[in-house]
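Here subunit A shows up in two complexes: once beside subunit B, once beside subunit C.
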Partner chain A sequence: MISYAIQRVLFALPIALGVSLVVFSLVHLAPGDPISAILPNEASEEMVIEARREFGLDRSLIVQYGIWLGKALQGDLGSSIGNGRPVLDEVLSALKHSLILSLAAGLLACLAGVLLGLLSAGLGRSRWQHVVRVVTITGVSVPHYWLAIVLVIVFSVRLGWLPPLGMSPDSSAGWRPDLNHLQFLVLPAIATAAIPAAIIARTMAASIQEILSRDFMITLRAKGLPRSRINVHVLRNAMPTTLAAIGLQIGNMLGGSVLVETVFAWPGAGFLLSNAIFQRDLPLLQGTMLALALIFVLINLLVDLTQSWLDPRIRRA
Partner chain B sequence: MLDRLVCALSLASLLLTASSGAALSQGTLRIGMTVADIPLVDGAPDQGTEGAKFAGYTIYDPLVSYDLSSATTAASIRPALAESWQVDPTDDRKWIFTLRRGVTFHDGSPFNADAVLFNLDRALDKNSPVYSASFDRQIRSYLPSLEAWRKLDDHTVELTTTQPDSLFVYQLPRLLIASPAQYQKVGSDWDEFRRSPSGTGAWRFGSMVPRQRLELVPNKSYWDTERVPKLDRLVLLPIPEASARTAALLSGRVDWIETPSPETVQTLEGRGFTVSTSAIPHIWPYHLSHLPDSPFSDVRVRRALNLAIDRDGLVELLHGLAVPAVGTVPPESPWFGQPTFKITYDPERAKALLAEAGYGPGNPLKVTAAISTSGSGQMFPMLMNEFIQENLRDIGVELNLEVFEWEALRSKRRVGAQAPENEGVTLLNASYSTQDPYTGILRYLTAAEIAPKGSNWGSTRDEEIEALVEELRAEFDVAKQDPIVAKIHARHVDQANFIWVVHDGGARALSAKVRGHVHAQSWFVDFSLITVEP
Partner chain C sequence: MSYLHADGGAMIRAGGRHAAWPRFMKQKAAMAALCFIAAICVLAVGADIFAPEDPYRTRVAMQFADIGTTGRLFGGDELGRDILSRLLYGARISLVMAIVPVAVALVIGGALGVVAGYRGGIVNSIIMRCMDVFYAFPSVLLAVAIAGALGPGIANAIIALILMFIPPIARIAESVTTEIRDHDYVVAARLSGAGTLLIVGTQILPNVAGPILVFSASQISVSIITASGLGFLGLGVTPPHAEWGSMLAALRQALYVNPVVAMLPGLMIFSVSVAFNVAADGLVRALGTKQ
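On to the complex of A and B.
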């Protein structure tokens, strides 16, 4: 297991390097001049040239990448072109907010996904199967941007039960896990969790059904094992696939949903990313994308290791 | 069981909502801004006019400001921290500003000539220890004529322009004055200054959470006693998504939102909210390429397209959130003049002009416009451009829309029509402010401003306008300036240098609890007289 873990970590390093290159290239390939974004319309050509020099954008892309990567490896992601604040501080602050949202949404998605997956696969009462399938198909199909708006219209505008946006009351100095703050979390968490929950449910149901059709299930039944014991075997075999799906979904959520966070003005990584894109704030954009991509790589690594721990056949493959 | 649970949850939510509402003191105004982050609060706000509106003119004062007290007349220049000004009779490049006495910054230090020099140094003097490129980027472009500055005495400063420029005073409202003493107090560190900024404005900095909230509190010792804020608190929330802003207003989370989307106007008005508009200084036009290979080098084509647009229909489509434009400024403006070319909706005349220019069914005019998906002042560009595309199709013109994200379009605007990036593009849809004659009219028309050096995207050249601009720059009698601007504008319209479409109505939606709001004919707002009923 230890040698497998070391091997996976070593594989992750070139992936991380590749990610940094892709992040840098994507940001620079996008149309639009970041200098135009920070200068007023009235700025002269000389001011544009000067600003480009100031931010090092007059150098070749390879040199820019080398400088950026060198600094990033030392934990310096530069400063935001827009507000001058250190990118690392901005990203960490936004990730903290996204973590709050993704933990709540992840918990919700796991609970709902596993429950719906079990019901859909027929381990529960079979009459629920069709209802659950409709729910999961709907969950996968509904755009979360639309769902977020509908939730706001119903629960904030019509019913007035929950706040429509933000993450804390006006008087609050910071987020705290009390009722006054948790009420701000409910709608974003539901909107963020809807698609992951449906994906987890469908993955789990498919995996269970695939296990149920295997030959060893006939053997287990022939040996006279009670249904509850058989279910334990089924779940044990279905979990690695489900876990992979959960890992991917949590990775996605941690990155913050750009659209959900924008609709709810939730100041997380997705909101930050959206802001950086529209303002062409290259350092902020690169820093945020790099942090999110590395988190994704890390979560995949953790999922790989957990899968191989649960199912030793993966290590031998 | 389920019913009981729902009831219990509803009751809990209502109690929570009620308790959080009760925590707000009376007289707190909460505004949903369209920006995605809190603008810089250091006296050189970023994020365009919205940044200046909420984080600039609230905390800080300029030397020269706008009179925002009337909804029916244009917001004119008025004295602020400068009580008066005059041009040096011996040298018309020198402007003498007499500063207001007895004004103090929020930190208690006095405002004086040294403070003015400090603020110019921090933005424009690279050798100064207080210089920061951040201020340079935000301020230098608003002061294109300024060459030098010096103190004459504690309450008088002299600003020198590069050449005689009668319009110089219009450049000054974006120069906001921050406190030198506060800068020293926080260790001469601009990042620290942004955490506890100090100006002379009607509002003091309260607190700020990046990307979440900016809170301002009244400056009860404000020098302009008639404009001491009546509110207890001003809370500014960045809510870039239009539907989220509307939901925030409808649910009572905020009392005021900027730029509601047209389709929500009826809903908002039906539920007792006020949707306010005004003739703000703004134009939504198409810049036209005047290069030799462009079809718009022919004035008949430019006029034809101006006559092909159903502006009233477009305004109706926008639920009244815009005003039809027949020039860069509206006809009631002193700068409109008396153009002979009257812009109306006349498709038949448009077809005839096109035929004269050699275009018709056998040789249809095909043109490409660069447009954006959104952007500052761009209103609802997709909807509006598609409407106009249909209008032009009616006269046999095929308008191809090349859609760019806003910053990508700004890049195209900056390089000019002649740049390779704009190959094949002969129209560019980018809106702008028309607050003063230079930024609103002149900079798009003179040879000296041809892009990328300046803002003249389409390489417009007009000898008559050049001569009038020279005359205007040398005319220091304010009363005689407007008629010259009017002549320039009339010539601009007669030559149909742009396709003018609409002026933005500067819409904002307000709760019925908001009192004292004056929707000035400006991008900016005076929050001092506003109150919010409990």
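On to the complex of A and C.
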């Protein structure tokens, strides 16, 4: 297990390097001169040259990448063009908010996903199976940003039960786990959790179905094992696949909630990213992307290790 | 993700691909979904005929008009334009953005995967490690970031979506190709003097096609949700063109005034997405393919 873990970590390193290369290239994919986003339109020729030198844009791309990577490794992601604050600080505080939302949504998605997965796999009554299948196929098809709007219409506009946007009652961005703050979390968490819950349910159901068709299930039934004991075997075997789906979904939530965070003006990493895009704040865009992708790599690594710890057969070569 | 049938996981293999269509037709839900998609396609293509009004014609008096208003059957938008007409015209872009990225990624990703799997060795390593890097981004985030870096526009959004769909398709194509590359019938074909192109065309592709087609079909709904999401963020079409995602974003202003109208574009995205998913599920069952 330890040698496998080391092998996976070593495998993740070049991936992380590749990720940094993609993130760096993103800015140079952009049409036009990145400098035009930094300086006002009426900037003089000298100012442009000066700014180019200051941002290192006069050197070759490889050198630029090297310098950027070197600084990034030391935790220096540059400063935001918008407000001049260090990108790392901005990203970290946004990530904290995204983490709160992802944890809440992840918990919700896990509970709902596993419950629906069990029901639709037919371990319960078959009458439910049909209903649950409709629910899960609806769940994977729902545009989550639209669901967010519908939730706001129903629970904020019509019923007035929950706040339509923001993260806390006062504008100071602090978040505490009390009732006043939790009510802001409910709608974003539901909107974020919908698709992941359905994906987890479908993956789990498919995995259970596949296990039920294996030969050892016939053996277990043939030797007269009661149904409840058989179910224990089924669940234990379905665990690694389900866990992988859960891990992947939580990783996706952290970075993929751009849209939900935008609808609810939730000041997380996704919201930060979309702001960076529209203000053409390139250092902030790069920094946020890099942080989110590296966290995703880390989560995938952890999922992989947990999965292979639970089920050594699936270790990758 | 593996998909198996409710009847204890028995795989339908007998009859092969040729019997797939009759099996698909037997599934009422999948057929209904297919008919719905076809109807939307017809409405989109014939928007010039079906749309009751010019989708760009603004009328201040009709701003956020209610559903059922004369001349604004599905209500009016923030500029008083006819929402029904804009939904019909918007279906064109939304459908293109649902299908084109997946279709292009199917070709590129499939080709990359087959080449990687068939050649093996260093070629495989180079191609698949590149795919791994793109896999290392949450998919929606990748699409948003690429579209954001390239700037707004349909073409840029489609490029972003293509890049999002290539890695998973390449992975499936690669694993199937690697699996069958050394099977006896492929080796036999090689020994009989068949060239690489012929072997890939007659032995590899028929085997790879099933799994990647099934997977791609299931991704069309992901594509429409993500594409409309890009439009919603303002990274898709540029105004005044109609597209469901950007319409949904613009109608957020009507949230308090006329919530039902504000939900309509999203309802379209949702129903088309459900239809594609139900149809893709039907395809899986009809082919009896294990993903």
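To be clear about the criterion, the second predicted complex is superposed on the first by the 286 of 317 C-alpha atoms of A that agree within 3 Å, B and C clash if a C-alpha of one lies under 4 Å from a C-alpha of the other, contacts with A are read in each partner's own complex, and residues count from 1 in each chain.
In this section, a residue touches a chain if its C-beta (ideal position, glycine included) is under 8 Å from a C-beta of that chain, and two chains touch if they have at least 3 such contacts.
These numbers were taken from a predicted model, which means no experiment stands behind them.
Asks: Is A:84 touching anything from subunit B or subunit C once the two structures are fitted on A? First, second, both or neither.
Replies: Touch status of A:84: first partner only.
Asks: Which partner does A:157 contact after superposing on A: first (subunit B), second (subunit C), both, neither?
Replies: Once the two structures are laid over each other on A, A:157 reaches both partners.
Asks: Please indicate which partner A:166 is in contact with in the superposed arrangement: first for subunit B, second for subunit C, both, or neither.
Replies: A:166: touches subunit B, not subunit C.
Asks: Examine A:278 and indicate which partner it touches, taking first as subunit B and second as subunit C; both and neither are also allowed.
Replies: Once the two structures are laid over each other on A, A:278 reaches both partners.
Asks: By the touch definition at the top of the document, which applies to A:69: first (subunit B), second (subunit C), both, or neither?
Replies: neither
Asks: Let me test your reading of the model: by the given contact rule, A:51 touches which partner, first (subunit B), second (subunit C), both or neither?
Replies: In the superposition, A:51 contacts subunit B only.
Asks: Please indicate which partner A:206 is in contact with in the superposed arrangement: first for subunit B, second for subunit C, both, or neither.
Replies: Once the two structures are laid over each other on A, A:206 reaches subunit C alone.
Asks: So, A:149: does it touch subunit B (first), subunit C (second), both, or neither?
Replies: Touch partners of A:149: subunit B and subunit C.
Asks: Does the superposition put A:262 against subunit B (first), subunit C (second), both, or neither?
Replies: It touches subunit B and subunit C both.
Asks: Residues on subunit A in contact with subunit B in one complex and with subunit C in the other?
Replies: Overlap of subunit B and subunit C footprints on subunit A: residues 30-31, 149, 152-153, 157, 164, 262, 274, 278.
Asks: Enumerate the contact residues on subunit A facing subunit C in the complex.
Replies: 14-16, 18-19, 21-22, 26-27, 29-31, 122, 129, 137-138, 140-146, 149-150, 152-153, 157-158, 164, 202-203, 206-207, 209-210, 212-213, 245, 251-252, 254-256, 258-259, 262, 270, 273-274, 276-278, 285, 289, 292-293, 296-297, 300
Asks: For subunit B, which residues are in contact with subunit A within the complex?
Replies: 9-10, 12-14, 16-17, 19-20, 23-24, 28, 30, 36-37, 40, 46-48, 133-134, 136-138, 140-142, 144, 190-191, 194, 207, 209-213, 215, 235, 237-241, 243-244, 247-248, 250-253, 404-408, 410-411, 413-414, 432, 439, 443, 452-455
Asks: Mind listing the subunit C positions that touch subunit A in their complex?
Replies: Per the touch definition, subunit C meets subunit A at residues 1-6, 8-10, 129-130, 132-134, 136-141, 144-146, 148-151, 221, 225, 228-229, 232-235, 248, 252, 255-256, 259, 262-263, 266-267, 269-270, 273-274, 276-278, 281.
Asks: Could you pull out which subunit A residues touch subunit B in their complex?
Replies: 30-34, 36-45, 47-48, 51, 54, 82-85, 90, 93-94, 149, 152-153, 156-157, 159-171, 173-174, 179-180, 183, 262-265, 267, 271-272, 274-275, 278-280
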